[in-house]
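Here come two complexes built around chain A, the first alongside chain B, the second alongside chain C.
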Partner chain A sequence: MYRKYFNMIAIALAIIATVVIVHNGCQQSKDLVSGDVAEKVYVKPGTYDDFYLFTSGGFSGHVGVYGLPSGRLFRVIPVFSQDPEKAWGYSEESKPMFITSHGFVPWDDAHHPELSQTDGVPDGRWLFINGNNTPRVARIDLSTFKTAEIIEIPNSAGNHGSPFITQNSEYIVASTRFSVPIPNKDVSLSSFKENFKGTLSFIKIAKDGAMNIEFQIIVPGFNYDLAHGGKGPSHGWAFFTSYNTEQANTLLEVNASQNDKDFVAAVNWKKAEEYIKQGKYKTFSSTYFNNRFDEKKHMGISEKRSDVKVLIPSECPGLIYYLPTPKSPHGVDVDPTGEYIAAGGKLAAVIPVHSFSKMMKAIENKEFDGEVDGIPVLKYESVMAGEVKNPGLGPLHTEFDGNGYAYTSSFISSEIVKWKIGTWEVVDRIPTYYSIGHLCIPGGDSRKPWGKYVVALNKITKDRYLPTGPELTQSAQLFDISGDKMKLLLDFPTIGEPHYAQAIPADILMKNSKKIFPIEENGNPYSTKAEKDARVERNGNIIHVYMSTIRTHFAPDNIEGIKVGDEVYFHVTNLEQDWDIPHGFAVKGANNSELLIMPGATETLKWLPMQEGVYPFYCTDFCSALHQEMQGYVRVSQKGSNVELAWGTGK
Partner chain B sequence: MNSKSKILLVIASLLLLLTFLFPIWSINLEAPQYPEGIGLKIWINQITGLKPNDLANINGLNHYIGMKEIVPDAILELKIMPFIIVFMIIFGLVTALTGKRFLVYLWIILFFILAAVGLYDFYMWEYDYGHNLNPHAAIKIPGMAYQPPLIGSKMLLNFNAISMPDIGFYALAFAVILAIIAIIISKKTISA
Partner chain C sequence: MKTALLNFSAAYLLLLLLTFIGCGGDSNSDKNQSTNKNNTSGLPDWEFENGFGPIKKKLYLLPLDKVIAAEGEKIFESKCASCHKLDERYVGPAQRDVLKRVSPEFFMNMVLNPEENVEKHPHSKEMLAKYMQKMTNQNINLEDARKLLEYFRLLDSELPKK
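Coming up: the complex of A and B.
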């Protein structure tokens, strides 16, 4: 009896002791940043970082550009969200970039930046990123750091599983998070199993980067989550995770967490190309938009498209296979050799790793375990290469260092777990502060990672920074992975909510960076290529102001004869041909934004004067010693007034 | 003149052709805001920027202090100089052909006269641009002139102007040295 109590007390004490030790351990490791760390992240003033880091802005809809190892932010690229600073979505030229089948959509939720690749290696031409809410994919030109194209994805809802690239940038793949009726129609939500479908989209990338929805595959109505292209031996395949194979349409946190295994879908896209060539596709009519920003014209052009080629798996044998994967898998990541496919089973106790060669053998031997809507389900044991035991709680994403190790983010246990490919043993783990989502090793999803750092992208910061009220910054943390043990080097705040990020050596990008747009190549129909061409034209109540800027004046800077009720377009051309000399343009009472015009570019601001009077305009970018003198006036007269149209500078 | 001297003179004459391929003078401007450099290159027949657009950008900067715009097409010297160079090449080749020593002397003397006149003209051109300022300029500093140095460096407000001969000039200098050597060698042969 007493012995029993004694045992219980002993156990209780042991638990308390463990908690205290673990607690102190955590306290300690939070502060444990060893001596030479500052040196490793210190980039001397006037010197450059080694890597560019592109972070998704999440709900900000932008992309953040940081330097590594310093963590310094030096650019925010507006993509899916309007940005009055750069007039993105406010200037007449950029408005077409926001057109969708739902009209002008000024915001989106941007999750996964993906660099273009050549031979499986990031090449620095473009950065792609998905718009989650109104399904879209954007392409950013990395010579201008400007959004060059946005394509809408038809037959999709919740474009989460994108944009993941194939080895030679043949395709960007995209999968629907939400299954929906395809084509969309008014049905009962409880008819999910009957009416709801998912799509896997393949977006072709042309030589000049232009995107086109090449084909879509209709798949069973699950939630499709993330994806990755195969590489090396698995080049020609793409892998997509799915969850909610229970096909619940309500209370998914419970109802979609019942099955022990969901699926990784393996798609043979080379086979798909053959089927397309043979004409074994259906044509679905659906409206979607492709918006391209013409760099020579400095303007976006929105093009309405319809019809998309669709493949039905049951009619296309060998197109797609399901790999059973525990449990509600999130990320699906292919190692640099292209042989191993790691899935982050976010509710699983292990990280399952599939083998591409075993998968091919299992397909050959037809080692199936049933099928779903004509898609063969392969036997788990036949495709599984190994399971990483004790990977932390809530494993989500895996990146690779190119030296035989993988790094998995574990959200619930808030840590990065390093494991060895082949033996599947965990060799190191390090806490993150707090609740890591994605992680990023430069080139870490490519054939040639630059395995020097891993960046943790955290959802929660709590006590890591000075408090800023209820809404706190989200953050990235930089770890040195050049040794056996991961070492925390730096915390730095991020814009919006960073989901995924990608990094690339600076020297690949910086040599391509443009300094100006040559004025002689400016093809904007409203450009003013020389000051002598500056003028004002009236066409009914439409006024076109052809305006030039050069240090330090506008031409014209005095305009009279504008009347209430006129629709005024200021077409402002920056004649500067010098690096880092943009001019701004802001006019009092504008209901949209300023303009910020790069050297050699033309941008247009629409202005509707409501009341008579005199309205000043000025340059908003401190361009020179006489920047404060760079200003002008517009005289607005009442409707029907006989004030003549007149303009000039220095008269 | 012996054949060695003649060959040297031919080489000297042909060296002048390099002035069509390389600038004769350069003016580099250094300022904190221009870490990438900005400057002018002066050729026998044109004035260009160190980089594309530098000339326009320098004109843009110069308007603040009231300096005249540099318009290469309006500079007479740039139209004449190519003919002078071609004349000197032909003169040199003819001299080599005839082998008359006094023609070599004449060639060298003419060369020095042209060089002196050229440098004087360049100096006056710099003087004019540096002193003849628009009275309505935004930036006026009493007593301040913006004449770049003929050779060497000088602070002009925030810019350090460095003026130096360029490859074309060195080709000219080398040509005249070769001509002098040609004379010396031919003398030796006579005395021997």
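Coming up: the complex of A and C.
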């Protein structure tokens, strides 16, 4: 029975795919970029781009930093994945950032970058991003472009629907894609409907950016996919899409596509705060970790936390409502006015747009169509503002230009569809190459978008680039949206699989960019703040090397008296106080990585010498004309040898 | 007693700073006119003698203050000593007699603004050719540069007179 159904779907998809390929084939020749395009993306050598673009690194676990309109890659910020280039997850100081309730987890799947906001406008303080696999949210400090904090989310599995911010960065919201037993336990997978639940998490952001799991809401066991905070009139609410309201636990591609409508969950988080204040929560004991990188100590500190406050919707009337939404909705996007909530139904023939004011009226008039686990389901007609007809196949995500238009990505038909808010008419469409997922307009999910460009984040590149074996580059495309018609400007490759991206005007960030860490403020317990303090200390078989670097030598650069079986810690402090002068440190046979130490910082590499002999170390970052001279030796003697501990530079 | 001395030193330092920040116009009045016969560099006399940087006027130097000099010594240890020893060539030249070689104003300008001096000043260029290492900007502020100068004034005062 299922098999027959499956075959039908397969045939239908094949027809669609053929049409799409043929369609794209025609479009491509028609859509040749016009003559003045090079000028629009050309950023003269020595001049700056207008925008920073932060792309998720997908399965690389990193964040990519690009310039717009040039598409030039400036930096890869390691977040959830180890990066030996920057010793992220290899240096002793950064290892604590990877601690979870499952131990040291060196990788994750990063999906959605989200800029902090003030009054609904990106303010350039922080960038948040989710780790999907082992549920976490990270905060990147945009003055250093470095991961400053990672918090684990308890009672979650597949942290996909996050991290989306509220208007004044009060909260980051997160929803669990995979429903699981909460608390987790050993149950039969076929007991899904009985035992499996979802959670919506609210992560409080303190003034200094520190994150805390403030409360969670237990929701029916669907798949919660994406989210967005309300703004303006809808500030105080957050919206979450769900699919698999069928509650299937196998072959979801068929079994979770049965219902005509799934739900957008509308959560009144101000109401939630009241319930918390009144003590109407349960405390679930859950273990999770908060890891913060102390910029003064140049080290990560991992803190184990337990207990989280949980709200149960049936006990908290008015906390949450379901908005029926066709069909397996993916993105949920709130327009700049805060009135309209567009949902991209992967399998829907229209883009449904809900109205916040209609929703409030429907709640007041109790225009309900049943309930699920105590959550009232509002009538579709009562909350729907309009439907965008003919939006392309597989509409996923919508961003806004601030001039009354919305731009929706359509995955199956590989196009961006521009439509007018209010009339819901499609006014323009342009092909993307190929299979667009997310799209990004600078500030496009905020109250004040900078609606100059839209970036398409494509899943497949096929014939767009030089072939590189079975795996091809990931890619983005830049379109000019300043006129009535969208115009393709540029293709550029990206790292990982780009999911969402966000962009912000360069001048908001540039002025805050940190150039050095003042050496006087270095609070690392193993720092060497003056060359005269460089030394080697032995404590049993533990060796601490207090080492300083400056152009162009290490102190000490000759070390003797290390023995096989010793555990050696190289604590390297970069005494430079000049912009863009990091020093590297690498020692032969190290089982981890190099260090790359920023001016004024201290980093530590652990080294376990296995065999006697002489081991060179050297600076890996070309730092001056005498960089090739920046080297040293460690003499390793056999266990029990009487070679005295000795060190020095220049003697 | 020590606190009182420190307070006095702080006030003294402020006074020192006030004497050279703010005006600095008069050195520019005779720009491009050289009256110094030794100056064949093509630079104006002021820059030739005192380098490029925020110090644009002769310093009014009060008698040596050993408390400030001691603070300068600490700054030297943390920010300079990785490259400069007092009595031997290291990464850069030996420094004990630096004030015999350059003016106090040049000393401060070089500490505060090494990049421009290395690029433009014949003395700094000559040192670069000799040591093959550009002097680094150690992000030292005006106040700390003045403390460093006081340390080298102290060392200078201890040198045998000619």
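Keep this in mind: the second predicted complex is superposed on the first by the 621 of 651 C-alpha atoms of A that agree within 3 Å, B and C clash if a C-alpha of one lies under 4 Å from a C-alpha of the other, contacts with A are read in each partner's own complex, and residues count from 1 in each chain.
Following the convention adopted for this analysis, a residue touches a chain if its C-beta (ideal position, glycine included) is under 8 Å from a C-beta of that chain, and two chains touch if they have at least 3 such contacts.
In this text the structure is predicted, and so the values were computed from the model without any measurement.
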item	value
Simultaneous placement of chain C and chain B on chain A, clash or fit	clash
Touching partner for A:550 - first (chain B), second (chain C), both, neither	both
First (chain B), second (chain C), both or neither touched by A:578	both
First (chain B), second (chain C), both or neither touched by A:626	both
First (chain B), second (chain C), both or neither touched by A:516	both
Larger contact residue set on chain A - chain B or chain C	C
Which of chain B and chain C A:538 touches, first, second, both or neither	neither
Stretch in clash, chain B with chain C, out of 55-63, 91-99, 109-117 or 181-189	55-63
Chain A residues contacted in one complex by chain B, in the other by chain C	516, 550-551, 576-578, 624-626
Of all residues in chain B, those that touch chain A in their complex	36, 52-53, 56-57, 60, 64, 138-139
Residues on chain C engaged by chain A in the complex (per definition of touch)	77-79, 81-83, 90-91, 132-134, 136-140
Chain C contact footprint on chain A (complex, rising order)	516, 518-520, 529-532, 548, 550-553, 555, 575-578, 581, 624-626, 650
Touch list for chain A against partner chain B, complex	516, 550-551, 576-579, 624-626, 629
